[in-house]
């Protein structure tokens, strides 16, 4: 299972709604894109389902680079899910 | 003569060419505009003629407000002649 | 140079350090972002509420990468002598400094434009999130469409008027 | 507030004084103009010459009036919490500060735009003249067409994007 592990980070209200800052998950082999991973994560808890309900409001970075939903996810990746940024 | 006196100030290269920072002049009564005053000032010395040769490069303020060549000149006015500004 | 830190910064000392000894610099543009109180129409003092504090969360690692990328972009677009971006995180009260951007160039337009560019991109690309703490609780700040539009103007124009 | 003076100024202290205690300020934009060395193509070190000093002459009385007018214009165009313009005169060497403009507003676009506007208008309306002192003598600096064009953009657009 370790060889399929993906680290998922949540920030801002995604962290608040999932109740999780970081988790290591092992999605099934069929999950090969960011979009599919998000759909799969929704099943982990009601908090996940709430946080990820509207994927249009979620931004994604893989290994600290912004990506789109069709971006591949590979074992060992760091996938970050967060709202549009509001710094500055 | 005092009642027709106009104070003329020169700045930057107009000061250098006339050799004068400030002078009080008494133009004849026919001199009623800034443009006419400048023409009249040219006759005061070769330095004045040199400084005022190209009126397009001269900016004028009367009583510390920018004006055009058709602006009236009245006794007691402070008339400043200078090049386009280069501060900042 | 970019810095992401919890601590405050000294604007005068930073600008002095950047300019000292560099006689190729003709203009220094800077921007300081501060936590400001809410106005009544935003739920401020007269409208109930009122901002007690702002908490800035960020994504350590990615924040530095994004800011470095934004700095590199600015240096590519304008002839800059130096660039400094400092962004704080953590809990900040009204009046406290959040961000500092300083750009130095031979010419003022390059300094001004690159400073505005850095702020616009930073606001839309750097992974920071603000939570507002008021008497009625804490809530995450929504991204503003005006910030997105401000950033977009640099995509279309190229924005390098300084090359004139 | 405007100041015309021979003495240097302390950027950090000025900004600190303007922001201290004003929690309505969300953004502070500032610009510092410095005497910079000439580049070789401008007759700098490698091209012979090289700037030894810049002497700024001004028109006492009118300078203050024009700067006050420019400040009032900026306050009319943007919602500003405060404005500071300091302009020096006299003999200044490379690396020395000439001018400081600081604008404070609730929003960053108003601060940025008004700061750029003040510099553009100041460069084309305030009665200051620069003379450059090099090894080959002293000569008056010509006005630049780019400065005139920079100032003209504020005539046509109104420039108040901050009202969006």
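Order of writing sets the chain letters: A, B, C and D. Residues in each chain are counted from 1.
The rule we apply is simple: a contact is a pair of C-beta atoms (placed from the backbone, for glycine too) under 8 Å apart; a residue touches a chain by one contact, two chains touch by 3 or more.
Note that the coordinates shown come from a computational prediction; the quantities given were computed from them, not determined experimentally.
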Quiz item: Looking at CA centres, what chain is most distant from chain D?
Solution: A
Quiz item: So what's the Cα centroid distance for chain C and chain D, whole Å?
Solution: 22
Quiz item: Using the average of all C-alpha atoms in each chain as its centre, how far is it in Å between chain A and chain D?
Solution: 49
Quiz prompt | Between chain A and chain C, centroid-to-centroid distance (C-alpha), Å | solution = 27
Practice problem: Indicate the residues of chain A shared as contacts by at least two other chains. | Solution: 88
Practice problem: Give the residues of chain C that touch two or more other chains, as numbers and ranges in rising order. | Solution: 33, 108, 119
Self-check item: Contacting chain pairs - touch in the sense defined above
Solution: A-C, B-D, C-D
Quiz item: Taking the complex as given, what residues does chain A use to touch chain C?
Solution: 9, 11-13, 15-16, 61, 64-66, 80, 82-88
Self-check item: Contacting residues of chain D [partner chain C, same complex]
Solution: 10-13, 15-16, 19, 21-37, 39, 94-95, 106, 108-109, 111-112, 115-116, 119, 146, 150, 164
Exercise. Would you pull the chain C residues touching chain A in the complex into a rising list?
Key: 33, 56-59, 61-62, 65, 87, 98-99, 119, 122-131, 140-144, 147
